[in-house]
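The same chain A turns up in both complexes below, where it pairs with chain B and then with chain C.
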Partner chain A sequence: MTLPQRITPYLYVAPLIGLLAFVFGYSIVSMVEFSFKMVRGIDGPWIGLRNYRLVLGQPLFWESVGHNLLLLLAIPVMVAIALVISLLLYERLRGWKLVRTVIFIPYILAIPIVAVVLKQMFQFSGPVNEVLRWLSLDFMALDWIGSGDVALWTVMALIIWRESALGIILFLSRLLSLDEALTEVARLDGANWWKRAWYVLIPQMRGVIEFYVVISIITMLSAVFAYVYIMGGGRGGPGTSTMVVELYIYNALVRTSLPGIAAAVSVMLFAVSLLLIWVLFALRRRTDDAGT
Partner chain B sequence: MTKNMITAPGFGRRGFLQGTAATLGGLGMGSLLGPLRANAQSPELTMWWWGEQELPGLQAFVDESVAAYTDAKVATMLQDTAVVISQFQTAAAAGTPPDIQYLWNGIYHMESAWLGYLKPLNGLVSEDTLRASNPTILSNFGGNTYRLGWYPLPMVWYYNKDLFEKAWLDPEAPPATWADLLAACEKLKTAGFEPVGGGVQDGYWSEWYMSHGFVQTLDTVGEAVELFIGDKDFREPRYHEHWVRLEELRTLGFLNKDMPSLELYPGIDLIVAGKLAMGPSAGSRLPADSTATNGRIGCMVMPVFGKGKLAGKPIVDMQGIGIAEGAKDPAAAAAFLEFLNTPDRLNAFHRITGWIPSSSRFSSDQIENDSVRSMWKTWGESPNITNVTNLMPGQFYEQAAIPTGQQVISGDLTGEQAGELAAQVAQEWREFNPDLVEKYQQWVVDLSK
Partner chain C sequence: MRAGDAVKQSVLILACVMALIPTAFMLLTALKSQDDFAVNKTGLPQAFVLDHFRSVLFDSPFVLWMVNSAVLAAGAVALSTVVACLAAYAIARMQFAGRDLIFTLSTSLMAVPPVVLIVPLFVLYTRLGLISTFGGAIVIYAGLITPFSVYLLTTFFRTLPQELFDAARLDGAKDFRILRHVVLPLSLPALLTLVVVNALFVWNDLLIAVIFLQDDAKRTLMAGISVFQGRYNNQIPLTMAGMVVASAPMLILYISFQRYFIRGLMAGAVK
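Entry: the complex of A and B
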């Protein structure tokens, strides 16, 4: 390969890298710089690793991290729901196109709108509990958003409901792109729906499932702010039961006048996200290699 | 002059046209130059303000006042709630602050003063105007005052007179002591009503409860600061007694059941709707709530349990306004603030907003609503205290004041555990903010007077 041939790919991506550097470059450099300073107003003295030490020594930070990690439990549920529904839709049952559209609606709606509506529904005296009491299921009428023991699970249920829609569409798109001859052969061989799904379809969806899992991990670690902000009363409540890392950063920056602390946590979250993106690309490369 | 022109020899059509043109031209130029001259002479001020969000009509008052003011041209900007402080601080740091800035009370503006972004008003605004506006003790630092009071926020406890009557309680004699409160709650509960509470889901109820309860244990507002800087300790029973009392209300079943899942204002709405008997509220809601209930909402001071010197006193928070250190013309800015405090403008404030301006120059006789006038006699015209939660560092507010109240109400914390958490968060705040601790230590001197 000649030198110009080796350089050519980089020349293609250079404008995009330049654009990214222009938009995010200064912010990222400032963020890293702030994380080593005690910032008041717009600047402050250099304090080395003190911000990192303070954050890593604070129970509230670790509690926030713990909540993000707990939210990862939603991912297997999301994958299972998305798989089952997409496989059912793939069977092209009557009205499947309408069902597909209805299922995707939650994902189109803005998170704050969905969260505000569900927050009203899940109040202690709200419609959900009223129905449960009407059905004489009082023991199930929990304080969904007012109890520290339940609130994070309620948020998780909302996330599962909304984010599964993306999985369904991704999986269905992959299914519709498959060669149906294999499925037909399996059907002719007498394989039932479950066997066709398990042995024929799902193995061919491996790449898209891995992609969805990694995207969902990144979501759970760094993109649940809107859910938690609305459902947790804007403060990760009740108490600190729905506090997550993003809200911790927001509070440090906006509410407690600690931009240096916010920057330190942002740097750590950024590093974790980069690591996950690297994992994603490694998986993609492995899948591609296996395919070729 | 006109007569001379008309009788002058040789005055023809050309002369008439020239004269007319000159006259009209002169008139036209005069009318153009007038404003230009005025603009050239009068300073231009910028004013960033907030408050329409909580006091509808304030925008109309600001617009009318700006239009009526002739000594300067004032450009105003209504700020978004989320950026009132950060927008000002960023502009001040960049050297382009507004001349006049809206300022919340206590630490919410004092941090800007410590950063050198605010100008002391003493010497700039007359002492008489400054004192009459009641900016509260929380606006003082190092012997200087950094805000002018603009409009008050009396912090009251609402009670529903109809529910009191139905529970055989005197609607004109609300409970004054903690024992009275417990007895009243028992009667209300027996009569089938939820006695006390509101909504704590968004956290503000926790703050308001501290405003009313925590202050009862203090002798001075400076004592609160001593708790934050570590000279005193929240683990002492006296300083977390308010959370123990809240726990008592919960364990006795006196708090409304949906309190943890309701937000602040829907919780207050329960009292207005006759579904809850008592709870903290804001006095600024009273004109509307009193009208809606035909005067059946009463205001009371939180029943007293504490033995501090501040216990049992009406609480009045104060919104304010100040001048930036980087103001282009501080004297002109001060003159505009003086203008807003003239009797004409104070009356206009009440006429347009329906609320009370913060000035002893305003006569409460102008308040037509009986409930509001009665409330203001107690909260505004009797000895009152400021809202001590405005002293809380942001970190303490977010990580202790708000969550402790929620957790005590939901039964996840006892009052004593709330005190331990508060002590831990105060310690963390000191470690995170050693520079602010020094400022707070100096502030105690002003606050303990």
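Entry: the complex of A and C
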């Protein structure tokens, strides 16, 4: 190959490398740097591990971490809902395509929009409680948004409502790609719906379920900002009841102007997400090996 | 068997109802008058009132916010698509050292949560005076969506038959011509998927918007919504009219391009 020919591929990938090096590369390198500095404005002196010590010694940080971890409880519920619905859709009963379209709508609506709508529905004097009282379930008519004990659970319900839709679509697409012969054999052997689902279909869905669980863990730990920001009226409240790590970073960066603190938390969150990305790739490789 | 089917159908219908309740509440409430809503929170409107929509469209900055969001989405999607087309073509169709490394690295960035990138970019943008500029935000959004674009396009370009490239080369076409006149026209479905999914990401984002576009004149729709709901906290029908207007573009897009939405959102997940 001549020299120009050898350079050509690099000319094609150069814009990509430039863009990713700026948005991801620069950010990740300076984030680590900032986390060891006392940044005032745009830069500051090195202070070693003081940012980390400060963050790790703060109860509010641990409360935020605890809330993110609590949200992980939503994942088994999401998996269960997605499994049941996708297996039912796989039966291809009359109108299943329409059902599929409708069920995906929660995932299309923007989080801030559904958060505003749900917030109004769950107000103490709102329609949800009105229906509960009408059903004589007064004891269940809680102050869903305004009470610190309940607010995070309400956020979790909203997350389950929206994120299950992705699981349904993922699981269904896996089901539709399966070889139907096995299911047919089971059907002829007289296996009922539960048995076919449990012994034939679900074992073949293992890969996609694992994938969905891992991306949901990433979501719960690092992508719930929009939910709590809107439900908590721009602050994540009442009080600190729906404070999460992302909001902690946002507050440190924008509200109190302490980029060093925000960077230290970001570094820790990044380390956790790296671990999860590694798990994701390991799972994928294993699925590939099993497939070939 | 028949009875079993009935149970299955009812579960699916229940799931549809659950999926639609918030949208239904939003629509019905938006059409109620303030007084009607006070006494009638769950029923149909007594009379259809369109005033709230007029207020949203003409007496609030909603239209400006939507234009801002559209500008950002268009800019970021255009930039990302161009960058990704070039890179994906090279990765899928050329031999060079570091090719697999670039592809693996780029793909793994899909899973990096945006929140961990904002601190240094915010500090840098403050120093450069890029806070509240569309250009600055477009670059960030483009960066965030590009790993997915590269992944999707590379996998698609790899499926194109080799004979196509051989024939074009025999005709004397150079790489760039092949990309423009052979590869891209054949990739329209993949490109459409990409545009739809990426536009949805930018349009729906809140985190980057509230941090990097703080100026009132530059506010996006999603950031605007949080201001809007705070300002009209007691006027729920008006708030809901705002939400209807805000969700309309994506719902219309979804219903018209459903296939591309579903395929695209799955593409990032399932190979």
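Assume the second predicted complex is superposed on the first by the 272 of 292 C-alpha atoms of A that agree within 3 Å, B and C clash if a C-alpha of one lies under 4 Å from a C-alpha of the other, contacts with A are read in each partner's own complex, and residues count from 1 in each chain.
Heads up, the rule we're going with is that contacts are C-beta pairs under 8 Å (C-beta built on N, C-alpha and C of every residue); 3 or more make two chains touch, one makes a residue touch a chain.
Everything quoted here is computed from the prediction, not taken from an experiment.
Engineer: Per the contact definition in the header, classify A:Pro9: touching chain B only (first), chain C only (second), both, or neither.
Structural biologist: second
Engineer: For A:Ile145 in the superposed arrangement: first (chain B), second (chain C), both or neither?
Structural biologist: The answer is first: A:Ile145 touches chain B but not chain C.
Engineer: Please determine whether it is chain B or chain C that touches the greater number of chain A residues.
Structural biologist: Of the two chains, more chain A residues are contacted by C.
Engineer: Just checking: does A:Phe104 make contact with chain B only, chain C only, both, or neither of them? Give me first, second, both or neither.
Structural biologist: A:Phe104 sits against chain C, while chain B stays out of touch.
Engineer: Once the shared chain is lined up, is A:Gln58 touching chain B (first), chain C (second), both, or neither of them?
Structural biologist: After superposition on chain A, A:Gln58 lies in contact with chain B alone.
Engineer: Thinking of the overlay built on chain A, is A:Gly233 touched by chain B (first), by chain C (second), by both, or by neither?
Structural biologist: A:Gly233 sits against chain B and chain C alike.
Engineer: Would you sort A:Pro127 into first (chain B), second (chain C), both or neither based on which partner it touches?
Structural biologist: second
Engineer: Applying the touch criterion given at the start, work out whether A:Arg255 contacts chain B, chain C, both or neither, answering first, second, both or neither.
Structural biologist: first
Engineer: May I ask you to decide whether A:Ile42 touches chain B, chain C, both, or neither, giving the answer as first, second, both or neither?
Structural biologist: Both: A:Ile42 reaches chain B and chain C.
Engineer: What is the shared patch of chain A, the residues that chain B and chain C both contact?
Structural biologist: Dual-contact residues (chain A): 41-42, 126, 233-234, 254.
Engineer: In their shared complex, at which residues does chain A touch chain B?
Structural biologist: Touch list, chain A to chain B: 38, 40-43, 54, 58, 60, 122-126, 143-149, 233-235, 237-240, 251, 254-258, 261.
Engineer: Okay, in this complex, where on chain A does chain C touch?
Structural biologist: It is residues 6, 8-10, 12-13, 15-17, 19-20, 22-24, 26-31, 34, 39, 41-42, 84-85, 88-89, 91, 93-94, 96, 99, 101-114, 116-121, 126-127, 130-131, 161, 165-166, 169-170, 173-174, 193, 208, 211-212, 215, 218, 221-223, 225-226, 229-230, 233-234, 246, 249-250, 253-254, 259, 262-263, 266-267, 269-270, 273, 276-277, 280-281, 284 of chain A that touch chain C.
Engineer: Which of the residues in chain C come into contact with chain A in the complex?
Structural biologist: 4-5, 8-9, 11-13, 15-16, 18-20, 22-23, 25-26, 29, 41-42, 79, 82-84, 86-87, 89-91, 94-96, 99, 102, 105-106, 108-109, 111-124, 126-127, 139-140, 142-144, 146-147, 150, 175, 200, 203-204, 206-207, 210-211, 222, 225-226, 229-230, 236, 239-240, 243, 246-247, 250-251, 254-255, 258, 261-262, 265-266, 269-271
Engineer: Within their complex, state which residues of chain B touch chain A.
Structural biologist: Touching chain A from chain B are residues 82, 86, 89-90, 92-94, 111, 115, 117, 200-203, 257-263, 393-395, 397-399, 402-404, 406-407, 410, 412-413, 428, 431-433, 435.
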